[in-house]
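These are the structures in question, set out in turn.
Both of the next two complexes hold subunit A, though its partner changes from subunit B to subunit C.
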Partner chain A sequence: MTTRTPVAKTYKLFIGGAFPRSESGRTHPVSDRKGRLVAHVAWASRKDLRDAVRAARGAHGAWAARTPYNRAQIVYRVAEVLEGRRAQFEDELGVGGMTPRAARADVDAAVDTAVYWAGFADKHEQLVGGVNPVAGPFLNVSQVIPLGVCGLACPDDGGVAGLVGLIGPALAAGNTAVAIAGGPSALVTSTLGEVLATSDIPGGVVNLLTGDHAALMGWLVDHADVDMVDLSGVAPEARGELVARTAENLTRSACTEGREDLATIQAFCDVRTVWHPARI
Partner chain B sequence: MTTTPARDVAARLGETFADYVPSLEGRDIVAIRPSYGLMIGGRERPAESGATITTIDPSTGAALSEVAEAGPADVDAAVDAARGAFERRWRDAAPRERSKLVFRLARLLQDRAREFAVLETLDGGKPIRESRDVDVPLAAAHFFYHAGWADKLQYAMPGMRARPLGVVGQIIPWNFPLMMAAWKLAPALACGNTVVLKPAETTPLTALLLAELVDEAGFPPGVVNVVTGAGATGSALVDHRGVDKIAFTGSTGVGKGILRALAGRDVRLTLELGGKGAHIVFDDAALDQAVEGIVDGIFFNQGHVCCAGSRLLVQESVADDLLGRLRRRMELLRVGDPLDKNTDVGAINSHAQLVRIREYVEGAVAEGCAVHQPQREIPSQGFYYPPTMVTDIGGSERIAREEVFGPVLTVQTFRTEAEAVARANSTRYGLSAGIWTEKGSRILWLANNLRAGVVWANTFNQFDPSSPFGGIRESGFGREGGRQGLEAYLELTPVRP
Partner chain C sequence: MTTALVRDGDRLHGDALRAPLAVGGVDAVALASRAARLAGRSIKRESKSAGLELTVRCIDLTTLEGADTPGKVRALCMRALHPDPDDPGVPPVAAVCVYPSMVPYAVEYLGDSGVHVASVAGAFPSGQSDLAARLDEIRGAVADGAHEIDIVINRGALLSGHLDVVFDEVAAAKEACGDAHLKTILETGELGSYDQVRLASMIAMAAGSDVIKTSTGKLPVSATPPVALCMAEAIRDYEAQTGRAVGLKLAGGIRTSKQALGYLAIVAETLGTGWLTPGMFRFGASTLLNDVVLQMRFRATGRYARPDDLPVD
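Moving on to the complex of A and B:
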């Protein structure tokens, strides 16, 4: 035998900085455009989702306590590492059905999106918060604070840019995330974990689940320890029911769709106002 | 946390500390060339006149290198290069691409932080501990912060369309050569301007090295030009009809001259000038921490700091206690080789500045003030001046009114908040002030009544790219840093709905 047998990758979940298979043992077959099997991707269960939320909650305090400058540099590092691994992502996007040109544009967009949100980490507080001119001898300051754990339904057909477009603002604002995508994005969702794991992002700050929005998002919305869900990747007709379910815990919901603007990062923030007397 | 040693052990500690083993930072990480040219349009070239100036190591007085001295023809070429780069490349560059170039510059500076720190210390005399832990990291942070603004300028001033000004002439001082270059370049570039930067004649080397990094990062040629030289070079830049804005950091006297020169011309101006910062300590303050703050406020960077807390105002009831602690703390300050990681107070930047500081202190003695200096030896080679405390001050003495720009602290006392504010405000300057008290409402009341652009409470000399810095009154106008600092480099026009 003279031809070398390539070593195929096992596409797994990314939870708490580790790469487990689904505890359920379930996988989802992914084939290329010619119908040849590429991989069985781990398919997340409700228990995997709960593990991911627990990891995100555990990582949140330390991540939010970092300086915005430090968070900015770490998110920028994601862009650096992603740029260096673009070939692998372009290949996997091709398997998902993208043309080489579209795949290249998608990785370009993902890298630039990470840079954009890195640059927002130490800006939005000055744009959204500030000193309030109350009619009395007080210093009255509104600070911008993160929401906590964000559940992100990333679009199944959004490529890497679709993932980074939701993860970026969540992280820049000081949240931790559980991001979910499947379909044509399944391979790159799993591979993005390898980028995040080598980008100085602390374990648990981002958790990536490959799976079905239809199954997973309901459980995510019902989870009492999830503070916000972004439903961008959920089919529009399915969003109403999920929003209704957020009423149980008053979980915030948004649909930012990866837009790069101030409103997007505001969807990942809350405001805390502090009063202090200023008279002797 | 540092605590002030008790009285009886201070003298012994002073001797012990004098005996420490030097820990020298290696200087071989940086290769200083025998000569440097001007950086104009992405190319290095000598001055047209061939003139050069020698930059020296103030810790020894030895020559480090020769740099070109730019004349009017060179300034003209630099402004031309900046104009061409602005109109052909930079003004219309996609904000996102501008952003990524400035990010890249921040990363390159971080990569070579140690090299910059050593060079800054060699050329300027500041302790390596400061250039390593303050100047270089803050410079990189300024680029990193402003990089993020480049594609978010529509949010900086709501309702206004933000456009770059054009060619900006930037004249920076010798006390924080690299950091001032970063404070000036970062917002200018992020906002889409091109720059002609004029570093101080005694400290040109880190700005020239930074220009190399600008090139490595991939900025179009001519976006950043560096013209080295002294006052005449700066004047040529101010007088040039091709600049749209001048940003100056330096003395109040020179700043006023620039304002006069620009009067009647359509040139924007920001000035960051001198100061005579009040450092106010109340009787309820954490005194040991206050002592550390006072020491940092006046002896950081040999007192070559425009926002230095050079006037200590202490509440009468704790004056003896505080001054006793301060004297003991001053005994422990190590004055010496700036490359020694143990050094607290490095070399005075130039011989001329050393002479000025001596004259001020001699003048204070002649006016009847008492002078206290630690009894430690200072190096005999190079330019050094010991940490100095001046008491028995009335308030009208030159040393109490004028900026010394050296390691010299004046001390006065007060009884009430109102008196503290009155004394603090009895100056034409208005850059910084410090307040030490455990009572929050007192901090805020004072801050509301102090005439200063920056007020530090229970801390001093804090800087951050996201925090606007700058003065009021004769300390200048315009802010550097934060959202507010962007305005200095933008032309804002209302967006019509």
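Moving on to the complex of A and C:
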């Protein structure tokens, strides 16, 4: 009797709509709870980060130019495709140490979060923007505009919901994203790229790097072409120094922790107010 | 003025050549493999910094659009003089390359800065017009103050075997240039094989070109590492036979610092470091300059730089 050779998956990065290995050639072993090797995950270097930011910048104009309604449809599609692959995500969360019940709850939360932010995409401006009352012969309009490229430190122990909780509001607001996660979330971060690649998200709008926050976040906050960083996944004691460095190049920093509220999406956009002379 | 340039086996014969010129052939597979190896070579930190600085000094900053205006040429000239507005340590580029109608403006804006004005001429980019008109265009650009003239060879004549026509037209252009430098564009994307590229290089050099250049930048396929290597080898072999050193210009599709450093390695390994000067080697490019400046900023600050911080034209 012949035994079948197992075909193991190569976990790679997701940059510009493609799945490259790390430029550095580095990988990181991932073991299950019993210590058995499950996979090698690509381990991103600073050059992968640079490539991801370049891809995100290149994709931003077209993504921001889409109507919020269209962005909503695309983010909703992510929820649909995610739901269809829940078994794989639950398995990979199990490898990371979650119980089956916790893994199921995590995927539920990720899908629901994607739906939440899909709904927000075309409602946000109605809540925040609009015509302002002013005491003068002017039309005063506040408009919501995206920030550009957002660097997202997703929590290593946050599962799929931790990723979608930061990527969702960034996309809904019209930004492109470079998301970084490692540790127990490495496998699902890599697999989430396959979901995004098959759910109408244009290449480069979301870029996923599996790696080490300590090694990559310094390069990210120093990068002059990153407009905003969310430090939710960075250890609290390391945040202060990174926030100080964002001030050097006027990068906005936030720590939304994946909360589902208006303040979160506000962290991912600017409000531009225009005064225009009105006819009396 | 026909010279009856003929190819006899491996050699070119003609009245205008002092001695028969060996052309030789090209092993396309070996060429591609050697070019890939040289262009992919790892270049370490200090050499990379020197290479980036050299790249800036060797750039022909180019705008060749139907929509060019004096204002756009002025912006280009300012970038040519100050590639990084925040760092006066970044040297000016070698030249600004424009259409003949823009030469007077470029001459005015660049003044006596030492940055040359290069003009395409001779019915660029096709070359498909009457020879007298092409030569008049060259003379006009030189009279307006262009230091360098970029012309195209007659690809139709080359591909149909009229080597003497190609030779005579380049020789006439050289004469029309007077003191200006003649850069002859082979438009390698239309030549079909490396053997033809080598043949065209030899004819262009024999006819008096000061520099041979890959492409107009108007075709989807422009400079590639194998073509650069092929032309560099032709220059090396021509110098060995005649003693005259001809320059090389690579143009079209060179957008990143990494590509530029690869080409510098090809030139240095094939022709020697004597060619790594603005007088003997050029990049024809527009977007390359900002990418090099971004790399230089990264080297200076340790932070990745923002493309939107640099001027565009």
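Everything below uses one rule, namely that the second predicted complex is superposed on the first by the 278 of 280 C-alpha atoms of A that agree within 3 Å, B and C clash if a C-alpha of one lies under 4 Å from a C-alpha of the other, contacts with A are read in each partner's own complex, and residues count from 1 in each chain.
Convention: contacts are C-beta pairs under 8 Å (C-beta built on N, C-alpha and C of every residue); 3 or more make two chains touch, one makes a residue touch a chain.
Remember, predicted model here, so these are calculated numbers, not experimental data.
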Would you mind checking whether subunit B and subunit C clash or fit side by side on subunit A after the superposition?
fit
Just subunit B (first), just subunit C (second), both, or neither: which does A:53 touch?
second
Considering only touches as defined above, state whether A:224 meets subunit B (first), subunit C (second), both or neither.
second
Identify the partner contact of A:91: answer first if only subunit B is touched, second if only subunit C is, both if each is, neither if none is.
neither
According to the stated criteria, A:212 is in contact with first (subunit B), second (subunit C), both, or neither; which is it?
neither
Using the superposed model, determine the angle subunit B, subunit A, subunit C defined by their C-alpha centres, to the nearest 10 degrees.
100
Contact breadth on subunit A, by residue count: subunit C or subunit B
B
On the overlay, how many Å separate the closest CA atoms of subunit B and subunit C?
25
Touching residues on subunit A, where the partner in the complex is subunit C
50, 53, 57, 219, 222-225, 248-249
Can you name the residues of subunit B that touch subunit A in the complex?
96, 99-100, 103, 141, 144-145, 147-152, 155, 417, 439-442, 444-445, 447-448, 465-466, 482-483
For the complex, which residues does subunit C have touching subunit A?
302-309
Subunit A residues touching subunit B - in the complex, by the definition given at the top
68-69, 72-73, 76, 112, 115-116, 118-123, 126-127, 137, 139, 262, 276-280
